[in-house]
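Below: a set of structures, written as structure tokens.
Heads up, the next two complexes both have chain A, just with different partners, chain B and then chain C.
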Partner chain A sequence: MEAYIRGIGNISPQNSWDNAVFPGEMVLYEGNRLKCIEPDYKEFIKPIQMRRMSRTLKMGVSAAGRCLRDAGIEAPDAIIVGTGLGMMQDTEKFLNAILDNDEKFLTPTSFIQSTHNTVGAHIAVMLKCNKYNLTYVHENISFEEALLDSLMRIKEDPSEKILLAGIDELTDEYFTITDNAGFWKKDIEGNSELLKHSSSGSIAGEGAIFFVVSGEEHPGNYARFAGVDTFYKPLSDDETESFIREFISSRGLEFQDIDLLITGMNGDNEGDNVYRRIQEKMFPGTPTAYYKHLCGEYYTSSAFASWLGAMIIKTGSYPESIIINGLRPEGAVNNILIYNQTNNTNHALTLLSTC
Partner chain B sequence: MGRVVVTGMGIITAIGNNVAENFDSLISCKHGVGPISYLETSHKGEIPAAEIKLSNAELAARSGITEPDFYTRTTLFGLIAAQQAFDSGISRYDIKDNKRTALVSSTTVGGMDKTEKYYHDYLESDRYSRFVQTHNCSDSSMKICDHLGLRHTNITISTACSSSLNAIMFGARLIRHGLADRVIAGGTDALSKFTLNGFNTLMILDHEHCRPMDAGRKGLNLGEGAAYIVLESAEEASKHNKEILCELSGYANANDAYHQTASSPDGFGPYLAMKGALDMSGLKADQISYINAHGTGTDNNDLTEGLAIDKIFAPNIPPVSSTKPYTGHTLAAAGVVETIFSILAIKHQLLFPNLNFRQRIEEHNFEPIKNLQEAEINHVVTNSFGFGGNDSSLVLSKY
Partner chain C sequence: MEELIKKLKVEIIEVLNLEEMEPGDIDSDAALFGEGLGLDSIDALELIVLLEKNYGIKIEDPKDGRKIFFSIRTMAEFITENQK
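Moving on, here comes the complex of A and B:
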């Protein structure tokens, strides 16, 4: 199962909107929260529509529009979205209204827009796209599930052009809730210091990242998704290792074919130790990277890793700050393995290769 | 493409805590709609619903859960229904190797019941922070996997009221692509203040017992529940000499692309979903013996679903019924609940009535089934349509 990446639209805390500027200067943030650099939405949304749209929806619709334009297509054959939390802003608004007014004086708008499938649905309405439409909502592997569906569809019909997304917004309330719950580091200077703190927690982030993927070769293709797989709660590191080994070998590759390993290290001591153990044992000579200092931690941040990997393969360049083991890729980067796990619970592997 | 069959099922709804109890209620026309007693809401006594008549503590005890507080009601339903499906389609046949058994689940609001309870506390301190992640839609999926000892692919889908039909579809594709030997597919949703008030502000809740497909319909009744089926290839099932409950012979997902909540005037999305599922099955419209309609009881859904049925099946429209007057609208679970009812229709060669029907909708060319009746049932279409125009249909066939 594989698919070419034909178009990209990325709204993130970095300067990712212009696909021509890569890697660009790293955008620095103070404290433990990274926010998306938002584009001018007017390019994609009429002012009259904008008024009722939440920030997630605005980011999603704009990134989708940008992505389709980049791919040179008007409407996709499927819209497949991964989102860990869905529409938090509208959910909070309706929930607060219920709790504050004892279930009285409610209006339906925020409820209507609170369902997890709202981004995919809204894009379908805007594009008048009656085709396949699905939303995956599984914490840190929501994007990989959407990718798995996309790769199955491309295998079923290689001519399909699929709009694939990973999107999550960090609202002020959800930041407060998760900050109270100890998700985020308390005394970090900023994102550039993420791996220098030996403590629990990470830094918060968000993003709206869209890809057009297709089974067809095309001169503008960035890279190729060459596989994705997930597994749940390994009983030991041995099981994790055999899962990774099987994933690589079943794609006809050897360990030395992996030119870059991108990990989801996020500064949380316990979680990062899982990556460290696997990296040291299985990939001691492989250049190894991380990316969550660039986009922050959020459920679909692995979509940012896929964007990063695709851009590295396409341009042959990479941001200096991502390398964590001192080893740098030499020559062409042909295969990138993205390893994403949280709390040793949901694990996912994604393979990106040259076209 | 290989044939995908159903070999197990589990269900908990307002009309029964397992498959046998649900079947008994269906054939004795016993519905589960009544005054709200378990959900803490100021609408008690004013809006009826189809609740499962068990407290969270009672539900937890049924699954041997010792720390019930940590489990949302959505998760507790899921554990019970998924366990039944697992027992009937997997452990009954003494299958112990579940390395390639996947779970594909679905829910609309996940653990909203806990979120509603602790939301203000979450904002003020860390006192109840350990519940924060029970809000996530994947919380119930992961706990079901823990409960059944599953560690393979573990998927959660959320496409509003069509969620669990999409879970079944995804499960079938995992099998066809050789990515799993068996899939437990379905969905779970508990009643919450969030959904009750949401549907109430949309003014689509009937304050009496709902009457789908009836000219005098006034809206839907919300329900709650969970259901799961076991899917596998026909070869895998016969290898273990399993009883095959039905074949999943067609499925399709389409989008109405019209409005976030209202369906297009002629039900184009529902038409595409039914048409797509029929096309995949290779069956002609006149080979369908029964349609289990989405039939929520809202003005908009029933009118447009009927028009789409008419467009595909006229002049020979097969018997149609909505079973939502029995269970209420169980949201994410609705698709799989009604899939199981469709399987029961095939298994027992019985058509279940559309309760409360009195008068045909003027624009429709058919009346739904009024009474329980015997019939030759070979192929069934079941529909689920949701907010966001997410429309899905399955074709289930006698094996």
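Moving on, here comes the complex of A and C:
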């Protein structure tokens, strides 16, 4: 199963809106929270529609519009979204209204828009697209599940053009609660220091990343999703190694064919040690990178990694700050393996290759 | 009545997120739905909740909504007549 990336729309804490500029200069943040750089929404949303939309919905609709325009298509054959948290801002608004008004006077807007599938549904309504529309919610493998569904649909019909997304927002309340719970580093000066602190926790992030994927070759394609797989709660590193070995060999590749390994290292000591052990044992001579200092940690951050990998394959260049083991890709980057896991529980592998 | 109309305009701008509008931009006698302010059915639900929450008035018969919510002035008149 594979699919070409025809178009991209990316709203992230980095300057990722313009696909013609890569790699841009790294945007630096102080503290433990990264926020998206938002574009001018009026380009994609009418003011009368915008007034009812939460921030994430505006990000999702705009990134989808940018992505479709990039791919040169007006409406997709399917909309498949991955999200860990769904519409947090509307959910918080709705729940706070219940508390503030003693369970009376509930207004409809935030309730209607508090569901996980709001973004996919709203895009469908705006595009008048009444075709396949699904949202996957599965913690840190939500995007991979959406990607897997996309690949299966394209296997059935390679001519389909699917709008695939990974989207999650970071609201003030969610950040405060998770910060109090110890999710985020307290002692960090900023995102450029992420791997320099030997402590628990990471930095918080968010993003709305959309791809148009298709089974058809096209001169404008960025890269090719050549495989995705997930793996739950290994009992030992041996199991993880077998999973990775099987994933690579089943795609007809050898370890030395991987030109770049992009890991989900996020500064959390315990979690990063899993990556270090695997990297040292299985990929000792492979250029290895990370990306969460650019976008922060959030459930669908692997969509950002896919964007990063696709742009590296398309342009042949990469941000200097992502390299972590001193080894750099030599020559063309043909195969990129993205390896993401959280708490050694949900592991995911995505293979990106040249078209 | 004019004070109530002014207050209603401020409340409607807030509840319906009419971010780029000022109370002075809304004509007290213009239609709220359709040609006028361009509100829709979800806005109608928001306005029903606004009447109940801020003025303690419950609309018993939904058919009355069309008349009550025709304009800001008809809303103000309805509130004046029904507020206890």
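To be clear about the criterion, the second predicted complex is superposed on the first by the 355 of 355 C-alpha atoms of A that agree within 3 Å, B and C clash if a C-alpha of one lies under 4 Å from a C-alpha of the other, contacts with A are read in each partner's own complex, and residues count from 1 in each chain.
What we mean here is this: contacts are C-beta pairs under 8 Å (C-beta built on N, C-alpha and C of every residue); 3 or more make two chains touch, one makes a residue touch a chain.
Please read all numbers here as calculations on a predicted model, not as lab measurements.
Chemist: Answer with first, second, both or neither: which of chain B and chain C does A:L28 touch in the superposed model?
Modeler: neither
Chemist: Pick one for A:P47: touches chain B only (first), chain C only (second), both, or neither.
Modeler: second
Chemist: Have a look and say if chain B or chain C is in touch with more residues of chain A.
Modeler: B
Chemist: Applying the document's definition of touch, where does A:I37 land relative to chain B and chain C: first, second, both, or neither?
Modeler: Touch status of A:I37: no partner.
Chemist: Mind working out whether A:L85 is in touch with chain B, chain C, both or neither, as first, second, both or neither?
Modeler: first
Chemist: Check whether A:T107 is in contact with chain B, with chain C, with both or with neither, and answer first, second, both or neither.
Modeler: Once the two structures are laid over each other on A, A:T107 reaches both partners.
Chemist: Could you give the residue numbers on chain A that contact chain B in one complex and chain C in the other?
Modeler: 104, 106-108, 112
Chemist: Can you check the complex and tell me which residues of chain A touch chain B?
Modeler: For this pair, the touching residues of chain A are 1, 79, 84-86, 91, 94-96, 98-99, 102-104, 106-108, 111-118, 120-122, 124-125, 127-139, 142, 145, 148-149, 152, 155-156, 173, 176-178, 180-182, 229-235, 345-346.
Chemist: Can you tell me which positions in chain B touch chain A when the two form their complex?
Modeler: 41-43, 107-108, 110, 115-116, 119-120, 122-126, 129-130, 132-133, 136-138, 141-142, 145-146, 150-160, 166, 170, 173-174, 177, 179, 193-194, 197-198, 200-202, 253-261, 268-269, 272, 386-390
Chemist: Contact residues on chain C for chain A in the complex?
Modeler: It comes out as residues 15-20, 38, 42, 45-46, 49, 52-53.
Chemist: Under the touch definition given earlier, write down the residues of chain A that touch chain C in their complex.
Modeler: Listed in rising order, the residues of chain A that touch chain C are 47-48, 51-52, 101, 104-109, 112.
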